[in-house]
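Chain nomenclature is as follows: A, B, C, D, E and F, assigned in order of appearance, with residue numbering initiated at 1 for each chain independently.
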Amino acid sequence: MSNQVHDFNEYRTRMNEKILAADNKIIKRIFNLDTNAYAEGALDVKTKELLGLVASAVLRCDDCVRYHLEKAYENGVSREEMMETMGIATLVGGTIVVPHLRRAYEFWEELEKLNH
Amino acid sequence: MSNQVHDFNEYRTRMNEKILAADNKIIKRIFNLDTNAYAEGALDVKTKELLGLVASAVLRCDDCVRYHLEKAYENGVSREEMMETMGIATLVGGTIVVPHLRRAYEFWEELEKLNH
Amino acid sequence: MSNQVHDFNEYRTRMNEKILAADNKIIKRIFNLDTNAYAEGALDVKTKELLGLVASAVLRCDDCVRYHLEKAYENGVSREEMMETMGIATLVGGTIVVPHLRRAYEFWEELEKLNH
Amino acid sequence: MSNQVHDFNEYRTRMNEKILAADNKIIKRIFNLDTNAYAEGALDVKTKELLGLVASAVLRCDDCVRYHLEKAYENGVSREEMMETMGIATLVGGTIVVPHLRRAYEFWEELEKLNH
Amino acid sequence: MSNQVHDFNEYRTRMNEKILAADNKIIKRIFNLDTNAYAEGALDVKTKELLGLVASAVLRCDDCVRYHLEKAYENGVSREEMMETMGIATLVGGTIVVPHLRRAYEFWEELEKLNH
Amino acid sequence: MSNQVHDFNEYRTRMNEKILAADNKIIKRIFNLDTNAYAEGALDVKTKELLGLVASAVLRCDDCVRYHLEKAYENGVSREEMMETMGIATLVGGTIVVPHLRRAYEFWEELEKLNH
């Protein structure tokens, strides 16, 4: 079993619940928007997840990258499409994105293993 | 005639030519990669331009946003698709993206005017 | 009459109206949150405006800095308090904040002139 | 006993001592400024610690967030005030701040446990 | 006569004087450090100015880039050395640095014209 | 034996190989540029490694800092030169660079131990 994917999701869920329980209106609404923004609209879910992925990668947020990799994987993004997205991220954001690319690639491998 | 689109393209082209003439190998190759990265591959050109747009917007690079808005417009992106992309940028990157959204929206209007 | 303050507010208002009219749900909700987040709560309005100012300054968003300078001024922040806030911003964010400090100081002078 | 708070402080103190012993004048003066900037002035210590917290959060520096959370806690900041500060950080800096909010919240819980 | 170099220096000097007159201790000390950090030490002035240039370029601070270009020029940096420095900046920082490279190149040309 | 240096290099090499094997043209070319950019040119290798170090430090990329520290060490950079470089990084990038300075200093100590 893949511990990296499991650990990430477990921590994320546990802390999100605590934060929502603290009942700050601004934070609760941002969490709510975060769910809505990637729903189908003029653009489909798969494209939106790739937009979330490239934005997270250039801003170098590992946890955000992991979240969108998982959603992208669930929505049928291929390894080649993921790599083209990360290629644009590395070009636009520069070589400082490379360490995040390494961790993203490792996480993607875990997602593939989990689904065999 | 739209001066904002024209002025942006004129300055960009003129300075790019000078920079390429200075003949620094690293910079020339990066300019070359920048052309290739948005070509059709596993993902189509339109999706890649939206990826370039959202990456530019969260990194708050007005000139990069303008470049990808123009390419997106040429590749058939609708105003609604552009706004969903900028909506994700504003959510992921925060309200500091809003001033760039204002300038992006203004540039998009100029692109529409130019094409009437 | 101070043109810098007037021009900033005029452009901001005009473009915000156009953007809201484009009717993207995510963007409209973020604009709405932006109004609510600085309302009195456990912290008072003045403190919240200083929080918005320092966050805008370290993220080097001139328009965001101008917006919070104006709100801070309206809520009774003194020049000395503004400078202590910008001092923390410059220390935490480094000397790259200094050009934004120059523009902030110039805008603050305009706000003072307008109110004489 | 809370290991997260203890480990953070132990590593921070130990490395700061080594760095100061290396005797680089610029770095020593910046360390010195860092102590002075949050002292009482026109603004009180509590407000300054919240300014340090929001600046650290939007710049996504976990160790800086931890440092200011600890100082804020010692200066009587309530959980609600901390959350309003982090709410502004998340709105201004976007959802990429959320993973840092999770770690901040976890650290705050450790601070509360230590003081029961 | 080159207006771009002159205008930059005139605004910078005028606002720095006003800011120093406001007498905030933290800001005054940071301004003072900024002078000392580029003085000869284990590294020579020319190398330090290139370090200041590349740091300013990857952080995309046009005014900081201009300041270090001027100092680098005065300290005998050649156009080729400047371009290798900007090449590293563009590789490490990504294509979002390119618009700043354009403006840097334009400013460098003005410096050369002024000195003929 | 120093585990921190070893672990960093092992992970970096292993993941780079996997990423290159995935055969994305843009990413492969960026990896290739990354090797070329620090080769001797108008500037020598030692200066270029310091440029890479300061750029990595202000962008707060720990893995990039570690890579350039190792290369700088191999190219004869002294501890004093490294600290002057990190001093400029901390001044330009602000106190948010300090946690990265702590980790950089620790890594440098490991490099020194490995070479006794």
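Brief remarks follow.
The rule we apply is simple: a residue touches a chain if its C-beta (ideal position, glycine included) is under 8 Å from a C-beta of that chain, and two chains touch if they have at least 3 such contacts.
Predicted, not measured: the structure shown is a model, and the values here were computed from it.
The chain with its CA mean position farthest from that of chain A is E.
Relative to chain B, the chain whose mean Cα position lies farthest away is D. Chain E and chain F carry the same sequence, and matching their CA atoms takes a turn of 180 degrees, rounded to a multiple of 5. With centres set at the average Cα position, the gap from chain A to chain D is 27 Å. Each chain gets a centre from the mean of its Cα atoms; for chain A and chain C, those two points are 31 Å apart. Centre to centre, using the average C-alpha position, chain C and chain F are separated by 37 Å.
Shown for chain F are the residues that touch two or more other chains, namely 25-26, 30, 33-34, 37, 56, 58-59, 64, 80, 84, 87-88, 90-93, 95-96.
Judged by the touch criterion defined above, the protein chains are all mutually in contact, each touching every other. By the touch criterion stated above, chain E contacts chain D in their complex at residues 25-26, 29-30, 33, 36-37. Chain A meets chain B in the complex at residues 30, 33-34, 37-38, 41-43, 47-48, 50-52, 54-56, 58-59, 64, 78, 80-81, 83-85, 87-89, 91-93. Across the complex, chain A meets chain E through its residues 58, 90-97. Contact residues on chain D toward chain F in their complex (touch as defined above): 11-12, 15-16, 18-19, 22, 24-27, 30-31, 34, 56, 59, 61-64.
Chain F contributes residues 60, 79-80, 83-84, 86-88, 90-91, 95-96, 98-99, 101-102, 105-106, 109 to its touches with chain D in the complex.
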